[in-house]
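The structures come next, written out as C-alpha cells.
Note that chain A is present in both complexes that follow, paired respectively with chain B and with chain C.
Moving on to the complex of A and B:
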C-alpha cells in the first residue's frame, strides 16, 4: 500500500441479510462508496439501523459483501496480516465475563504476539489511561457498562494500531469518559493514525472528525468535510470580547445603519460538556476521587510515543 | 514464535481457563464423580463376579458424562461466544478461522481429557472398593469422597483470600486431589480388612476379605478407549455448536450416541447389500469399538495394539468432522 492509497476503500458495497431459506430479509447496506485517507478521522453517522455497524463488520471480514469492492490497508478485509494493524472497539463491549481487566488485556495482547515486559507495560499504561488500574481481580462481568466500554477501548489500542475502528465508542460513558475518548482519538490522529468512528451522537463526531458520511437506510445521504457540511450559506457570525452597555448600544446602532435591520446580540455561552467538566474538576480538587473509575486523563505513553519508540 | 503462531495458544489457553469457570460444568463433574464413587454401595448384587456391575456402570457413567460435557463445553466455547459477540471480537484480531476453531477444539479437549482422567481415577477406586463379595471397601471410597470435599473446601479458601473464581479452582483442585487420593490408596493392599464379617446373630467368612485387592490396571486401556470416544463426541459437538445452542447440540450428539451404539445391530447386516447402509455404517461413529466392559469380564485384557487402532479410527473420524466444521465456519457470518 502506498501513502497515497486510501486506508479504507469501499466501492458499491451492498449487504443483504437473508433468512434460513436464503431469501432476502433486509438490505442493510445498499451501494455504499467511500474512501478514508491516511491520518484522517472519519465519521460514519446515522440513526440506528442505518448500516453503520454492518459496514464495519464487512471491513473486519466478519460479514461477507454481496456486491462491491472492499479493501482495508490495500488488502481484502479477511487478510490476517491486515488485522495486525487494526484496532476494533465493537458496538457492545464483548468481553469474557470471568476474566479480570488485566487478564482480558493480557489475552488480547497475546493474540497480537505481544509478550513479556512490553506487554505488561502497555497493559499498565492502558489500565491507567482508562481509569481501571484499581479494579484488581474483579471480573469484567461485574463491571458497569461504562467500565466495560473502557476496557473495550483499551483492548482496541493494545497493538498500537494504524487503523482504529470505533463503533459507538462513547455509548454508555459518562461525560468524563466521553471527553477522554475524544482526546484519545485526537491524539491518535496527531500521530498519523487513521480513525473510523461510527456514532449516532452528533456532538462527538462533530468534535473530532475531519470528514463524515451520513447513512440512512443503508445508503450514503451526505458526505464531506464537517466544516463544509455544517456551513450555512449566506450567514455570518461575529465573535466579540467583553463590551460595556454603552458600546453595545453603539454597535447595534451602527449595524442597524449598515444592515437596515437591528441584529440580535446574545452573550457567549459555553457548551454543557465544557461546563460539566469544569464543575467535576472543581469537585475533584475539593473532595478527592469518587468510587468509580479513576482516570487521570493521561494517554498511554506507547500511544503518544514517536513511531520508532513504539515499534 | 511468529505472531500468527502465537495466536493459537492464547485462545486455546483461554478456552481451558474459561470453560471450568461455568458453575454448571463443576456441578456436572462433581455429580458424576460422586455417582461413580457411590456405585459400590448402591449396587449390592455382584452376579458372581465381584465388581462387574460397578465397573460396567461406572464406565457407562463416564461415557454418558462425556456426552453431556461435550455439548456443554462446546457450546460454552463456541455457540455462546458467537451469540455473545466475543467470537466476532476475536476474529477481528489477527487470527484465522481455522486457527480459531483448532484452538477451541484443543481447549475443550484438554478439559475433556482432565474429566476423563478424573473419571478413570474414580473408576479405579470404585472398582477396588467393590472387589470384595458383600463388603464395601471404604478404605478406597473415603479418600475419593474426601478428595471431592477437600477440593471444594480448598477452592473456598482460595476464593476467599485471592478472589480466584470458585468453580474453576474447585475443578482443578478436584483433579489434583483425586490423583493424590489414588496415589495414597496405592499404598493399601486392601488385605487388611477382617475376613470374618459379624452379622450380630451369626458370622460370615468372606473368602475375599482377607486377600489383597490390587488395582485393576486392565481398566486403563478401557477408560482410554472411552476417552477417545469422548473426543469424537467433542468434535461432533463443536461442529453442531457453530450454529446451534446447547439443547439442539445435545440432541444431535445424543442421537449420534444412540445410533452409534446400535449401528452394528441396525446396519451391519444390511451394509453388505445396500449402499446407503454401508455409507451410513461407515459414517456413524461405532461406539462398540470403544466399549470394552465385557472384554474385561473374567480377568480379560484389552490389547494395547487394539487401543492404537481405535486411536487412529477416532482421530480420522474427528478430523473429518472438524474439516466439515471448518468448511461450515469459513462461510459463516459472525455478527
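Moving on to the complex of A and C:
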C-alpha cells in the first residue's frame, strides 16, 4: 500500500441479510462508497439501523459483502495480515467476565503474538492510560460499563494499530472519560494513525473528525469535511476579546451604519463539557482522587514512540 | 502457537466456569466413589471389582462424554452468542487456530478427568484385591481374571453355507418352506440354525473347536480355557461334562477337566502349559456332555469357547483402555467444537447428543447392516415398501459411517473381564479410525466455520 492509497476503500458495498431459506430480509447497506485516507479521523454517522455497524463488520471481516469492493490497508478485510494492523472497539465491550483487566489485555496481546517484557510494558502503559492501573486484578465482570469501555479501548490499542475502528467509543463514559477518549483519538491522529469512528453523539464527532459520512437507510446521504458540511452559506461570525460598555455601543453603532440593521451582541459562553471538566479538575486538586478510574488522558508511551521504536 | 495456547487457556478457564461441567464432575465423583457401595455383584470380590470397572468407571466415562459435548459446543456457540468471539475474530487469528485451540482445551480437560477416573479405579481395585482379609482362593481368582490381561485365541470359524444349502433343499423337499420365500433370508436363518447345532452337544455327545494359535506355546505362557453355555431345558440345575484339549489332530488329550455346574456366565479353567503343550500351534478343544438325563448343551456361537493367554497386568491394560476412551473423548470434543461453530448452542448440543445416542446403539446398527434390511419386506409388501427399505438402509449405512470412528469395542468391559486391550489395537484404532475421523471432522468444521458470518445480529 502506498502512502497515497486510502486506508479504507469501499466501492459500491451492498449487504443484504437473509433468512434461513436465503430469502432477502433486509438491505442493511445499499451501494455505499467511501475512502478513508491515512492519518485521517473519519466519522460514520447515522441513526440506528442506518448501516454503520454493518459497514464496520464488513471492514473487520465479520460479515461478507454481497456486492462491491472493500479493501482495508490495501487488502481484503479477512486477510490475517490486515488484522495485525487494526484495532477495534465494538459498540459493547464483549469481554470475558472471569478475566481481570490485566489478563484480558494479556489474552488479546497473545493473539497479536506479543509476549514477555514488551507485552507487560504495553499493558502497564495502557492500564495507566485508561485510568485502570489500580484495578488491574479486578475481574472485568465486576466493572461498570464505563470501566469496561476503557478496557475495551485499551485492548483496541494493544497492537499499536495503524487503523483504529471505534464503534460508539464514548458510550457509557462520563464526561471525563469522553474527553479522554477524544484526546486519545486526536493524539493518535497526530501520530499519523487512521481512525474510523462511529457515534451517535454528534458533538464528539464534530470535535475530533476531519471528515464524515452520514448514512441513512444503508446509503450515504452526505459526505465531506466537517467544516464544509457545517458551514451556513451567507452567515458570518465575528469573535472579539473583552470589550467595555462604551466600545460595545460604539461597535454596535458602526455595524448598524454599515449593515442598515442593529445586530445582536451576546457574551461568549463556555460549553458545558469545558465547564464540567474545570469543576472536576478543581475538585481533584482540592480533595485528591475519588474511587473508580484515574487518568490524565495521556497516550501510552508505546503509542507515542517513533515508528522504528514501536516496531 | 502462542495464539493457540492463549485460546486453549481461555477456553479451559471458561469450561471450569460452566455450571453444567461442575454438575457433571460431581456426578462423576459420586459415581466413582459412591456407586460401588451400592453395587451387588455375584457375591464374590472378583465380581464386585469387575462391576466397579465396568459400571462405575463406565458410567463416569459416559458422563465425561456428555460433559465433553456440552463444553465443546459451548466453547464456540456460547462465545458466538455472547459476541465475545467477534472480538477475537477481529484479531489476527485464523479460524483454524481458533478451532484447534478450542478443541485442545476441551480435549485436555476431558482426558485429564478421564485419567483421574482411571487412577481412582486402579487404586480402588488394587486396594481391595490386596486386602489381607481376602482368601487365597479369591485372590487367585481375581489375579487370574481381572489383574491379568489375557489375549484371546479364537477358534477357526466354521463355514455353514454347504450345511445350510443342504438343509434348505431338505426343507423344500419336505414342503416346510414356501417355495416363494426369499431364498437369501431363509439361507441366512438356516446358517444361524446350523451354527447353533454345530456348537451343541446332546447327551453323551462331544463337540469340538479347532484353535489355530497366533504363536506356538512356550513355557512362559499361561493358558486359560473360557466357556459360556446354556442348557436346552429350563430348570436344569447342574450339567456334568468333561473338557479335553489335544494338540493338533492328536488322539491323546493333554489336558482333561471334569465339570459339574449350573449354566451361568463365563467359566474359566486354568490350563497348565505342560511339556506336551510346548511348541503347539494348533489345539483342539472338546466338550463331552456327560449328562445322565437327555440334556443338550448349547454354547454361544460367537466367543462361546475361548483360549486365553496371559499378556500383561491390570494397570497397563486399564491404561490402554483409557487411551482408547481418551481418543473417543477427543473425537467428541471435535464434534462438539464443529457443531458449535455451525449451530446455536441448543441445536449443537442436540445434534451431538444424537450422535452419542446412535453410538450407544451401534450394535443394533451393525445387526441391521448385517441383515441388509430394516423392514424385512417380502414380495407381498410391494415395490413401495421395498424402496422404503432400500432408502432406510442408505440412512443406516450413513449413520454407521458417522459413528464408526467412535466405535471402540467396549474397552472397559474387556478390562473388567481381564481381556487384553492390546497396544496394537490402540495404535490401529488411533491411526486408522480416530485420526482420520478427527481430520475429517476438523476439515469440515473449520471449512464451514471459515465461511460463516460471525457478525450477524442475534
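As a convention for this text, the second predicted complex is superposed on the first by the 310 of 311 C-alpha atoms of A that agree within 3 Å, B and C clash if a C-alpha of one lies under 4 Å from a C-alpha of the other, contacts with A are read in each partner's own complex, and residues count from 1 in each chain.
Following the convention adopted for this analysis, contacts are C-beta pairs under 8 Å (C-beta built on N, C-alpha and C of every residue); 3 or more make two chains touch, one makes a residue touch a chain.
Fair warning: this is a prediction, and the values are worked out from it, not measured in the lab.
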item	value
Chain A as common anchor, with chain B and chain C clashing or fitting	clash
Touching partner for A:233 - first (chain B), second (chain C), both, neither	neither
Partner chain in contact with A:63 - chain B first, chain C second, else both or neither	both
Which superposed partner A:117 touches (first chain B, second chain C, both, neither)	neither
Partner chain(s) touched by A:107 [first = chain B, second = chain C, both, neither]	both
Touched partner set for A:259, first chain B, second chain C, both or neither	neither
First, second, both or neither for A:80, with chain B first and chain C second	both
Superposition clash, chain C against chain B - the stretch among 8-16, 170-178 or 296-304 that is involved	8-16
Set intersection of chain A contacts, chain C complex versus chain B complex	57, 60-64, 80-81, 83-84, 86, 88, 90, 92, 94-96, 98-99, 107-108, 110-113, 115, 155
Parts of chain A lying in touch with chain C, wherever the complex brings them together	17, 54, 57, 60-64, 80-81, 83-84, 86, 88, 90, 92, 94-96, 98-99, 107-108, 110-113, 115, 155
Chain B partner contacts - residues on chain A that touch it in the complex	57, 60-64, 80-81, 83-84, 86, 88, 90, 92, 94-96, 98-99, 107-108, 110-113, 115, 136-139, 155
Parts of chain C lying in touch with chain A, wherever the complex brings them together	2-3, 5-7, 10, 13-14, 17, 82-84, 86-94, 453-456
Residue numbers on chain B that touch chain A, as the complex places them	1-4, 6-7, 9-11, 14, 17-18, 21, 84-86, 88-96, 162-165, 168, 333-335
